[in-house]
Amino acid sequence: MGLPNASEDLSSEMEVDAFRRLFPLRYFERHLAESIRPDARSLSRARNTTISMGAVASADGSALAKIGSTTMLAAIKMEVMTPSLESPDEGCVSIDFHMPPICSPLVRPGRPAEAAPVVAKQLSDTISSSGMINLKELSLVGGKAAWMVYLDIYCLDADGALFDAALLSAVAAFSNLQIPTVSLDDGKIVMLPEEQKEENSEKEPVNKEKRKLTLGGIPFSLTCILHKNYILADPTSEEESIMETLVTVVLDSSNQLVSLYKPGGAVLAYTSAVQDCIALTRQRVKELHQILEEAISGMEID
Amino acid sequence: MVGLSEGEQEFIKGGIAQDLRSDGRKRYTYRPIYVETGVIPQANGSARVRMGSTDVIASVKAELGRPSAMQPDKGKVAIFVDCSPTAEPTFEGRGGEELSAELSSALQHCLLGGKSGAGAGIDLSSLVVVEGKVCWDLYIDGLVISSDGNLLDALGAAIKAALSNTGIPSVHVAAEAASDEQPEVDISDEEFLQFDTSGVPVITTLTKVGKHYIVDATLEEESQMSSAVSISINRQGHICGMIKRGGVGLDPSVILDMISVANFVSRQLMDKLDSEIAAADADEDES
Amino acid sequence: MAAKPSTTTTAKATYSPIDPTRKTRPPIFSGSDVDWLRPDSRGFHQCRPAFFRTGAVNSASGSAYAEFGNTKVIVSVFGPRESKKAMMYSNIGRLNCNVSYTTFATPIRGQGSDHKDFSSMLHKALEGAIILETFPKTTVDVFALVLESGGSIRFLVKQVDELDTLWFAVGDLPVVISCASVALADAGIMMYDLVASVSVSCLGKNLLIDPVLEEESYQDGSLMIACMPSRYEVTQLTVTGEWSTPHFNEAMQLCLDASAKLGKIMRSCLKEAASDEQE
Amino acid sequence: MEAKPSTANLVDKIVVPGDVVLDLSSMTNQTIKLGGGLRQECDSVSVIKAGKLRFSKPNKYWVESSQKRYVPCVEDTVLGIVVDCKADNFFVDIRGPTIAFLPVLAFEGGTRRNIPKFEIGSLLYVRVVKANPGMNPELSCTDASGKAAEFGLLKDGYMFETSTGLSRMLLSSPTCPVLEELGKQLSFEIAVGLNGRVWVNAESPSTVVLVSNAIMNSESLSAVQQKIMVDKLLQRIK
Amino acid sequence: MEVDRADGRNPNQLRPLACSCSILHRAHGSASWSQGFRFIQTSHFYHFNLFVFTSKCYFCYWVGSGDTKVLAAVYGPKAGTKKNENPEKASIEVIWKPRTGQIGKPEKEYEIILKRTLQSICILTINPNTTTSVIIQVVHDDGALLPCAINAACAALVDAGIPMKHLAVAICCCSAESGYCILDPTKLEEQKMKGFAYLVFPNSILSVLPEGSSLVQGEPMEHGIITSVTHGAMSVDDYFHCLERGRAASAKLSDFLRRSLQSKLPGDLSKAE
């Protein structure tokens, strides 16, 4: 550490805030040398994470996930479709990720953020790779009708680790999903009106039992920054902009590797670093699993 | 946009304060209004209205459509305004879009009434042919040819004149078809139904310059406004819509005062407009 | 019959299985029918419970979250910052507003697009309250996202026919306006006063304050006011439907009183946030 | 893998980015000059552009490569085209990432009173005097001592664009075979800019055409091949 | 053999490679890169193929095997950077042109991955406030498209003379249910397999430094991952297995890349003695 640098000398004279803005990298490296981060976290510590279920009343399933101040709102809407000929007894899941202009000063209306389609693609890849959702469960009437699941995730506040928060909110929204009871009416699927649910007179619901999806291996992810020999878990957007090498590891609950995503970056990832990232993710998966369980049980008590 | 020197600005403001505007009018006097009807033969109805250098055309086109699920006993009306680049070079391309959208939405507010249809200038139930199945869709298009202020009032007047000029073909419905099929209809080429336009309101825009407000502001006067309130009022003196432009806040009592002024002024405007429309229709019949 | 359009007119081959028969017919009530209960069992002159919170979005200069019953809105304020387009020199600041909806804001999944009309109405309601002279040459961006709309059937209608879009649903706009002014205050933008906005629906002879969208779709007329409560000035005013002058006066007074109350709630929310900060 | 390379046996060989060509820790007390395409990283020197590693005694190393794009470098002589005239500067296109500035006073004895007039589109033979990253490069029409030397406007003639490698080859000493052979039989004027622009002028247009073709053909030919190619061309006009 | 591949390759065998540089006249640098041959489609191409890697016998052998082929063109450095880019560094812009149709989400993702990968191998501080555009045209896609595009882009950047820290070689490894893994899959194989990983490594370099001095964390520099993108679930061990195979293959690839770059440069320039 400590290449002779002009900023080194200045740092004692300058105000902390000015130093942070002018020499962000050195500011961070000073912290890293002490194994601490500016927000008082240790290097491997993720930010405080919360999930609240059922945040959107008008959706069939929804959740709000917060990692630090990164906030994601995921909501699921179910629609009916005719399944394709290739897979007549499967439904379909369509995942979209939105970054509205409210979430970050870099996004302007009319111009979608560059990161949005990439995160959306990553999410749908991850969810389909993990096999969390059995598309066969989404079938209503074989070959005739199946559920089309629209999952929309809105980033309400972008402060780093967008993918982690988005995946968490998506997973939580799926565990919150209540499939509406529907009945067959004239060859068309319609929703059973509330008041008829008990009486159940003429129309028999086609999906009486299947009100919840059974989720397979649930994927959880952790994004880490590689910088020199340091590994920083769960970066903020400030950290992401200063140290550009990111590694996102997705593991499912049985510790299968669902994705290891490292798009370039100045730092090369060697075997040991990859192993360290995976180990950190293993721990994080346990944490997130517990947080999710608590959120679900909290929902049931209400 | 209007570029005015400070002297000119003061002149306009001072004139209004003394009730003598730069073109010699008083605060509540309109510029002379000329109405011409039937200017577009292809349309079901059309009219051209000139107020000073402001020049607009409105046309009404009727097409058979299907009533909305929410209101099976009503026809549908849509209003669109287009700003021609002849009025202002900056309207070229997408330049006029913002103004067009603002005018369209203001006209919809002022002429089409509430959701249930109450207060609508146009009786939407008269447009239904077969309830729930066939109705007339009215497409009202406004075109701004030359702009010298007070576009909203001019467009409102032009639409009123165009509607009075509109003939809707009478329709004969063939024998009742099965309940969920579209009935066959026969449109007559000769018989036309005339619209009752007595309920159509007129729009009066009161532009506040300094402490006073004026009607029928020119472009130069509009550039000096602090805010403007457009009030649409019908024959009964009821308010049919209102919209405010310009950022500066208004005291509620001023708004109430404006309404009473508008009530008074609009009656004159409506009489003037009716006589102009009658004269124009007579002209058209002769020719 | 009525459910048909959603499949025939939309491009995608999916539809929402909302039961068409469930649509409740308008609660027909005459002028004397004053005891009729509103869907959310409020009194006619009673607003929905309003809740504001500042600092909803960390990365914005200022932000606020508002919840009025089912209507949930987030507004972020960015700036004053460099103007986006290379625009003409201006010795006063610019205000740029944008309102958009999430795809799940309405019962039927929408497109989640920008709402041009609301954007320009929001702009008009706010510009009179902001002291634009304090940030020359720069822009303040006010972006609003409606997370959930107050339960509307408007978008169902929208799919049926393009012509119906001209029906104006003002429901969420007062919430957006009030929330935006709290967000502006949170961002430290200089303002003459907060802007509180309230709307009133007229059903028959009754006036319903702060209508939900179900009520709005059966209304005979509507009045929306955005005003600066302390200065007692109206910055924006929209009226549709037929009103006699006394009726109009009554509605306006109702709105002004309600916005004064709303203004107090907004003020106390800001005060709370400020005192929290000091501690 | 082949035997471990040493600097000596890498010289005149093709190297690609990332290759480490010098180990400074084993070369203490030596001064080395690094040319284009090399970069020092702590104790080693690595390659950043693909090309042939060159060494000239006593201590110069560089990577010789050829590109279609020119990146300005101080003391390069280039051919520029005037694209605009402003009060203080001529704007000159030198095939670089940005337009270069030629101050109106950067001429021999240049004063405010005798500003030269160049029309837009005129071709100039100029020298790069400043090439700082992030700034437009600055040109001059004088040599280091302030003399006009051969710099200035190129009238008439024909200008064509080649790769930077070819123009460097044309400027190398001893004179490159193609110019050598042409010069033996024809008389012509030539100006070569390191930015890959070559200007040729001669009495008869046919000579200009021949010379330019010979030069353009000579890229990627060996010395012997160049001679044969020039001979063939010359025979054709005889 | 553990597995039969449709085209008769063994699991560690790559499809034959071909690379040619400077194929586009107007671009400042360009390259085409193909993995596998399609005899009929590509025959017209050899007119300007300066470098031909393959021999006749390959042709007979590989007819029928699919090929993935990508053209890359580089323009720049051009003046100025876009908004939101750091003007103190050079910026790299990647434009992905699919073979047919519009650019969609997968292509957007490719663009970003490619951009980040190229950013990490180029030296961005030498030409600040400039933009270098890399245009990727997909000619044919039969599996391992992104690695193919990365290789092509890297060759094109070298051709344009953009300053680079080192080269990059990209490879696709598939992992199957039973734990074995195959290299450079065709599209069919990609779809059949449990999961696959796109891996990008630095090329193996010539170095005058003493043996072992370039080790980082006990591993040679070229074993560090520049980019890793995986699809499908696999066990962690499978991933490391892929990594190992990929590294072995990347040595071959980087040899090939070096040879094709060497042949592009004129054999000897002025040194006529």
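Before moving on, here are some points about what is shown:
We just call them A, B, C, D and E in the order they show up, numbering each chain from 1.
One rule holds for everything that comes next: a contact is a pair of C-beta atoms (placed from the backbone, for glycine too) under 8 Å apart; a residue touches a chain by one contact, two chains touch by 3 or more.
Here is each chain with its UniProt name: A = Ribosomal RNA-processing protein 43; B = Ribosomal RNA-processing protein 42; C = Exosome complex component RRP41-like; D = Ribosomal RNA-processing protein 40; E = Exosome complex exonuclease RRP46 homolog.
Remember, it's a predicted structure, so these values are computed and weren't measured experimentally.
The chains touching chain B as well as chain D do not exist; no chain touches both. With steps allowed only between chains in touch, the distance from chain D over to chain E comes to 1.
By number of C-beta pairs in contact, B-C leads over the other of B-C and A-C. With every chain reduced to the mean of its CA atoms, the largest distance from chain E is reached by B.
Ranked by how close its C-alpha mean sits to the mean of all protein C-alpha atoms, the top chain is A. Distance between chain centres (mean CA atoms), chain A to chain C: 30 Å.
Separation between the centroids of chain B and chain E, computed from CA atoms only, is 65 Å. Distance from the chain A centre to the chain B centre is 51 Å, each centre being the mean of its Cα atoms. Inter-chain contacts occur between A-C, A-E, B-C, D-E.
Residue ranges on chain A touching chain C, taken from their complex, read 56-59, 62, 69, 71, 73, 75, 77-82, 96, 98, 100-105, 108-110, 148, 150, 152, 154, 156-159, 180, 182, 188-193, 237. Contact residues of chain E toward chain D in the complex are 27-29, 76-79, 87-88, 121, 123, 125-130, 158-161, 163-167, 202-211, 214, 257-258, 261-262, 265-273. Across the complex, chain C is touched by residues 65-66, 68-70, 76-79, 98, 101-102, 105, 108-109, 112-116, 118-119, 132, 137, 180, 227, 229, 234, 237-252, 255-256, 259-260, 263 of chain B. Contacts from chain C toward chain B in the complex involve residues 1-2, 5, 26, 116-117, 120, 124, 127-129, 153, 156-157, 160-164, 166-168, 192, 202, 216-222, 227-228, 231-245, 248-249, 252-253, 256. For chain A in complex with chain E, the residues that touch the partner chain are 106, 114-115, 117-118, 120-122, 125, 129-131, 217, 229, 245, 247, 252, 255-266, 268-274, 278.
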